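Structure, as structure tokens:
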């Protein structure tokens, strides 16, 4: 079960990653998963009003990072070791993105999580991602 | 909704891919998804009794292929264009694998599906996969 | 052989993607490949001075996009359909990133390119990426 | 530099993975890389004479495994933790596959290798793969 709440994660993110924190709202923490909103601003857009690929990468990455922290607590510094993303539909213009993250493994040294990314209010996902993290040994 | 049943898919697989068909049982067809069993035999094992990586690839690949066919019918020849897999736990020795496939997109030219692979009876997945298929234009 | 030069690509990027263009220098265009520099600024950094994951994604994505344009010319709008990245080493602090892109396929509808990402001056890559693009039919 | 020769690797594979060994010829071992031939037999083919996806997965997986062993020696048991593959062209019918493997990292706990797969005698690759391996700690 999670050992950090939405508020714990929000405070941690604000302190450690203030730039990322600006764009992120943690909507729900549950066992082995989180739901995260990325508040879309002009700086996330490509010509035509569509959300950029790096913005979707950021949402997937931070969703899995927060889901790991929620399970293991704010100790050590997990780092992304790999990812795969598939971009399936054009995001709605100027619409927040929602990341639904489900962790598949939070092991002693390795964590793997899946993320479905939606334009807020839409039923079909715009992208999917898997992120793998390396969890450093406790000192 | 699916346009082919478990029996339709089984007959198609038996006729078109008899070698693959030997190992595969189609357990359930639903909207945008299938559940498929791979019956593990000695030829699927690595030393130590663990199921080989290529066997898990095969299960993921055939699961997505069948889920696409179920939705679009037995026309044309979809081909795999890419995949990503993460291997998370050692499969149980000499135990069937179950592939739970959820299609994320079945478009006009591109299909994307996620598969969680389990050792039969276990709760935590042994692997995850995403397969992308190209759907040829109808002639 | 390429049909656009470094200067052609630079002008295209400045006009179509002015935000991305700020950070990007196109160092070399060759047959089925490009070398691209990402000029690292404070906004690309994570705490500790290391370059962020989304910045590496951006470099990989723009490298393959430019390599495709170089081969097919500035027609139509190729879109990223998928990617995989592996992060292998910590980038050097406050150091430009170099993307060495090699296209493996530039087909009629699909393009696939590999990118090795280096901290400028280092021999071992910090990351690798494969990006797949869908090329829209000419109208 | 490699600590095992072609003959060392061949003997190791024959002893530890006799089934895989049947299909594999180790053509070259070099610093951080190997070239491996997969001898195509009927059992590797799909209807139409094309080499199956699982066969290409097998070649990529064994190529990276052998390249790791060549660098670290026959100690411990490296296991595949993830992979991505892109299938770009139809392999030539009934033609051996060649795997050109280049390791990008052979670290203390993690190894990453790229593989280009060719139909023997062809210039354009039929597929690409990246395999990640976990290297167990020495006991």
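As written, the chains take the letters A, B, C and D, and residue 1 is the first residue of each chain.
The rule is short, and it goes like this: a residue touches a chain if its C-beta (ideal position, glycine included) is under 8 Å from a C-beta of that chain, and two chains touch if they have at least 3 such contacts.
Predicted model only: the values in this text are computed from it and were never measured.
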item: Far-end chain from subunit A, centres as C-alpha averages; value: D
item: Pair of chains joined by more contacts [C-beta pairs], B-C or C-D; value: C-D
item: Mean-CA-position distance for subunit D and subunit B (Å); value: 23
item: Interchain centroid distance [CA atoms averaged], subunit B/subunit C, Å; value: 34
item: Whole-Å gap separating subunit C and subunit D, where each centre is the average of the chain's CA atoms; value: 28
item: Residues within subunit B bordering two or more other chains; value: 81-82, 84, 86, 110, 132
item: Of all residues in subunit D, those that touch subunit C in their complex; value: 84, 86, 88-89, 104-105, 107, 110, 112, 114, 116, 124-125, 128, 130, 132
item: Interface residues, subunit D side, partner subunit A - complex; value: 81-82, 84, 109-110, 132, 134
item: Residues on subunit A engaged by subunit C in the complex (per definition of touch); value: 16-17, 19, 43, 46-47, 53-55, 57-58, 61, 79-87
